[in-house]
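Okay, so chain A shows up in both of these, paired with chain B first and chain C after.
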Partner chain A sequence: MIAEAGLAALWLAAALSLLQLVASLAGPRVPELRRLIVPVAAAQGALTLFAFLMLLWLFLRTDLSVQLVAANSHSMKPWIYRFAGTWGNHEGSMLLWVTVLTVAGALLALLERRLPERTLHATLGAQAALALGFFAFLLLASNPFARLVPAPRQGLGLNPLLQDPGLAFHPPTLYFGYVGLSVAFSLAVGALLTREVGPALARTMRPWVLGAWVLLTVGITAGSYWAYYELGWGGWWFWDPVENASLMPWLAATALLHSISVLAARGGLRTWTIMLAVVAFSMSMVGTFLVRSGILTSVHSFAVDPARGSFILALLALYVGGALFLFATRVGTVKEGAGFDIVSREGALVLNNLLLSVILGTVFVGTLYPLLAEAVSGEKLSVGPPYFNAVTGPLTLALALLLFIGPLLRWRRDSRPNAPRIAAPLVVTVLAFAASFVLDPAMSALARLGLGVAAGLAVASLLPLAGRNLRRTPLATWGMVISHLGVAVAIAGAAADTAFTEETLAAARPGETLAVGPWQVRLGSVVPVAGPNWTAVEGRLSASRGGRTIDLQPQSRFFSDPPTETNEAAIRTLWDGQLYAVISGAEDGGRWQLRLWWKPLVTLIWLGGGLIALGGLLALLGRWWRGRRRVREPELAYA
Partner chain B sequence: MRRRWWLAVPLVIFALFLLAVGWRLSAPPDATVKSRLVGRAMPEFQLPAATPGRPDLRSADLAGGGPKLVNLFASWCVPCIAEAPVLGELKGRGVTIHGIAIRDAPADVAAFLRDHGNPYRRIGADPRSQVQMTLGSSGVPESFVVDGRGVIRYQHIGPIMPQDVPTVLAELEKAG
Partner chain C sequence: MRAAPKHQRLALVLLAMAALVGAALLAMWGLGDRAAYFRTPQDIAAGRADVGQPLRLGGMVQQGSIEKQPDGVSIRFVVTDGPASVPVQFRGITPDLFKEGSGVVAEGRLTPAGVFTADTILAKHDERYMPPQLGNQAAELATRQTLDR
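Up next is the complex of A and B:
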């Protein structure tokens, strides 16, 4: 019954989304229909949420008469993985996607007060059109509630590799981020339909974009750390297509976040902001499509189904193509906003947007180039880190340099000489750059520049606070400062990783000692160990530096079902870096393959990512708090 | 209404993306990796017997005699089970088949042969896929047609299904 209830709720919600679409199309002429839009959006969100909860329940009780549960779960799984298993498969993740989409639509319908009603209704119409397509996809091509007759006695999903807390919560974080951007997309489409683009639109859009951006930042940072410790390759970003698929919406959302602030504060950059809002969610859909269709080869593999791929592609063509068509034909008639000088806050934000867009274009082209090349010339090739690093590295540094001055500039026009204020960070940059020659004469130029710029930016990011009463500084300003500081920290980590990492690769016998950086690592012994469904060889390593000794136990695991080998890296985080050890199978003659890395300051990469997200969260809270105060104060005045 | 051409640029880029992706969906990539050894001599190897009491397999066994089929299989491989009756049929038609058991244990191989039949004249054990790698094979099952002088003539990737039998027989004929 649970499955049937969920399915019925899903059909009802789909019907309501059709009603919502029709009502918002006919709304301008038929007031009775117009009044339906908001309650229908709310009911639709509630029904979809109900369907999702039903699926969650089925997974928790491992109801094997449901095909999806039987294929992806197992009664022996710990409950947390049964729980997370709900969205760890194609159908469940699509249901999660529409759930977030419709709940976001419901919240927008219920909470939004600033937007002109016409635009809100058009926006909800766009949101309903999005939801309708994904409902059709779920119900026609990937029903999560399909029964399996007869029910098997046990489920198939006990893949040990997928039992990892990081993997359980990494995808939904990204999904919430992607779908949060759908609201910005619908708002942009709604505004294009009514031609009402202005500060009110930007203020409505901002919390959604900010929230989505925070979640994407967290998701990408966590994903990067997960790849770092789980894959045992010692790298933190591989320019894998699936990584790029999450990075592209983030880049677009970052640009959007900055251009929204121009629209909200000054009414400028209308065309550009609308385009970014369309592009950000389009990139989310493109990313999801690339990931789910298996069109690009990647370390992430998902079940590939060409029929489903074509379905999503058709939706993509309809939504993105439709929105971009609206943009091309209508945005020219949107009223222009206020102008500004080149040297101004707006000017700096435009430059920020241009740089981010070029990085986005670079990643987009690099990700799809193998496909294009094969389509045109039949040649198979791959685009790797050398291309991505060479292009995005310098652009990121240019972006960081822009941050020295951008936040200090005034809106509209700035003739005040800022040179004295940015003298301090520039001096720090030059000093750090010079110091890098002393530290290591053989460092690469990009790493050297990265260290210099990161040091300077760490100082520059704090300048907006200089001369302010810190207790009265708005939370949003603190958020900006912390995010920008996070950028400095992350760049420092990436540069330090490139510049200072020491690597040793050797075949060692027990009793031998290897050197990596300042550490002496002794392979004490190699012992067999066993887990619930795996056996492993475990290296007992002791690493010493100065008088200090730490133990490391990397494992090479063999899972029996399905037969797989994984390397469990041993990673020890110290205040000044990480020691990273991987052991793999025996060589001839009693020797073991050992890979050792000493990675000074590498943790700064993820610390920086965390700071960037924290800054976004503070800005979100600050704006929300201010919004509430603004609502309450007039009431007090009348009391 | 002012029309600005550059507003259509995103639409054009997106149309290109759709074209490329649509092309890929209609022409799925050829994920199989052809061995570079087709047309060359079998590399040298000496594999121990995959199960006790049955003959082992060396490259020398492949250098002489008539054309034969070398089949890479494993007891843990499900498509290999589907392939087993077809190999039995080929054996019935007089084809010499040698096996290489990939990443397998002797007891498992014995159980596999008991349950699904034994079409193999000789079976070598390749517990760490070393010979498999040398052959340029990327998975199991996979089969190679080797001619009377030990030269690899043909590679079949994936299980040999009933509809593949005429092709494989024709390749054996050509190698003869």
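Up next is the complex of A and C:
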């Protein structure tokens, strides 16, 4: 009965989204229908949330008469994985997607007060059109509540790679981010429909974009760390299609965030902001398409199903095509914003947007090129780190260099930029660049540049605070400073990882010692251990450096349902880096394969990601707080 | 340097176009010699692979061909697709599904001596990682294994 209740709620919610669409189309002429829009949006959100909770309950109870549960769960699994297993599969994750979409629509309907009512209604119509397509996808092509008769006695289990606490947080965080951008998309469509593109739209859009951007940043950072420790390959970013699928909306949202600030503060970049809002959500849909269709192989694809891929592709074409058509026909009615000089805050933000767009374009082309090549020439190929690093690395450093100057410029025109302030970080960069030659003559050029730019940016990011009364500085300005500092920290971590990582790969007998960087690592013994649903061999390692000894226990685990082997890397974080150890389960004549890394300063990568997200959160809180006080102050920051 | 608003919009549109074209050119330049083409041993026998280019070599691990090297972490094996085969050398920890007689994709480069040096080895129950003719065999095998369970 739980499954049927969930399914009924889904159908009802789908019907309500159709009603919401019709009501907002007819709304301008029929006041009775107009009054329905907001309550219907709220009811639709509540019903979808109910359906999602029903699925969650089925997974927690391991109800094997439901096909999805039988195919992805197992009653012997720890409860946290039964819980998170709800979205560790195609149908469940799509239901989560739609749930977040409709709940966001409900919140927009209930909480938004700044927008003219006409625009709000048009926006909710666009949101309903989005929801309707995904309801159709869910109900017609991926019903999560389908029954299985007869019920099997045991479930097939969850992919062991996914049996990790990370699964509980990583996909929902990214989905909240993806879907937050759907609100920006709907707002852009709504404003185009009612021809009200202006600063009020930007102020409404900003908290949604900022919130989505914070969650995407957190999701990407956490996903990167998850892949780093779970895969046991020692890398933190693999340019896997699915990683790119989360990076592309983030890049677009980052550009959007900066152009929104120009629209909100100065009324400029109107059409560009609308375009970016459309692009950002399109990238979320492309991401969903890439992940859900399994069309590009990656560790994230659960199943390959061309029919589902085509369905999402059709939705993608419909929504993006529709929005672009609307954009093309209405762009002439968008008013011209205020002008500005090239040397100005706006000018720097335009350059920021162009660089981010170029990075986005190259990542997009690289990610989809294998599909294109196979369709055109039948040639199978893959595009990996050599391409992405070569193309995005220099562009990212150029973007970082822009950050030296941009935040220090005045709005509209800056005829006398503050030369000493701009020069200071450049001097730091040159000094750090020179120091890298002394430190390590063999370092790669990109790593050297990265360290130099990171050092300069760390100084430059703090300069907007110089000469200010820190206690009276708005939270939004603090947010900007902290996010930009986070960029410097992350670049420093990535450059340090490239430049200083030491690796040792060897087969060792118990009692033997291996060297990696400054560490002497001794393999004490290898012992069998067992967990709730796995058995493993565990290496007992002790690593010493200058009289200090730490223990490491990497495992190679064997899961029985389904039969799989995974590496549990042992990672120890020290103040100056991480020691990372992997053991292979295959014994060869009394020797065990060990892979050891010493990664100085690698933790800065995720610390930087955390700072970037924290800055966004502060800006969001600051805006919210100021919005509550309703004080009209001049715009001081742009995060 | 102050541009009139009307010209400013035009200038921004032109800038955006330039950025798009720039991104496309940059991507094409980058993809030119950095995309790894998928090749089977037959392709390589037919000369459809350049020495030193990044490649993905796909096929089956030939029965009895895995040779462990004395250092304990290097192996040599042969990838075959029936008519042709290519010797491969690899240093690292192999994935658990890497076995003789099962499908494999090796990422790496072909040396002038005709030996393929792999940086990464992928072994998955997934027809995408196999040449089509071998994919079917593997699918049959996988089905039989599932039924046996």
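In this section, the second predicted complex is superposed on the first by the 616 of 639 C-alpha atoms of A that agree within 3 Å, B and C clash if a C-alpha of one lies under 4 Å from a C-alpha of the other, contacts with A are read in each partner's own complex, and residues count from 1 in each chain.
Note that in this section contacts are C-beta pairs under 8 Å (C-beta built on N, C-alpha and C of every residue); 3 or more make two chains touch, one makes a residue touch a chain.
The structure presented is a predicted model; accordingly, all values stated were derived computationally and were not measured.
Could you check whether chain B and chain C clash or fit when both are placed on chain A?
After superposition on chain A, chain B vs chain C: clash.
Which holds for A:D341: it touches chain B only (first), chain C only (second), both, or neither?
second
Contact-wise, after the overlay, does A:R29 reach chain B, chain C, both or neither (first, second, both, neither)?
A:R29 contacts neither chain B nor chain C.
For A:G332, select first, second, both or neither according to whether it touches chain B, chain C, the two together, or no partner.
Once the two structures are laid over each other on A, A:G332 reaches chain B alone.
When the two structures are laid over each other on chain A, which of chain B and chain C touches more residues of chain A?
C
Clash with chain C: which of chain B's stretches 21-29, 75-83 or 93-101?
Between chain B and chain C, the clashing stretch is 75-83.
Considering only the contact definition stated at the top, list the common interface residues of chain A for chain B and chain C.
In the superposed arrangement, which is not itself an observed complex, chain A uses residues 271, 297 for both chain B and chain C.
Quick one: in the complex, what on chain A touches chain B?
Within the complex, chain A touches chain B at residues 271, 275, 278-279, 282, 286, 289, 293, 295, 297, 306, 309-310, 313, 316-317, 320-321, 324-325, 327-328, 331-333, 368, 371-372, 374-375, 563.
In the complex formed with chain A, which residues of chain C make contact?
1-6, 8-9, 12, 15-16, 19-20, 22-24, 26-27, 30-31, 34-38, 54, 56, 68, 71-73, 91-94, 96, 107, 124, 126, 128-129
Which chain B residues qualify as touching chain A in the complex?
1-4, 7-8, 10-11, 14-15, 17-25, 28-29, 76, 103
Can you list the chain A residues touching chain C in their complex?
Residues 269, 271-272, 297, 304, 336-343, 350, 354, 357-358, 360-362, 365-366, 369-370, 373, 379-384, 386-387, 390-391, 413, 505-508, 564-565, 567, 582, 584-586, 588, 591, 593, 595.
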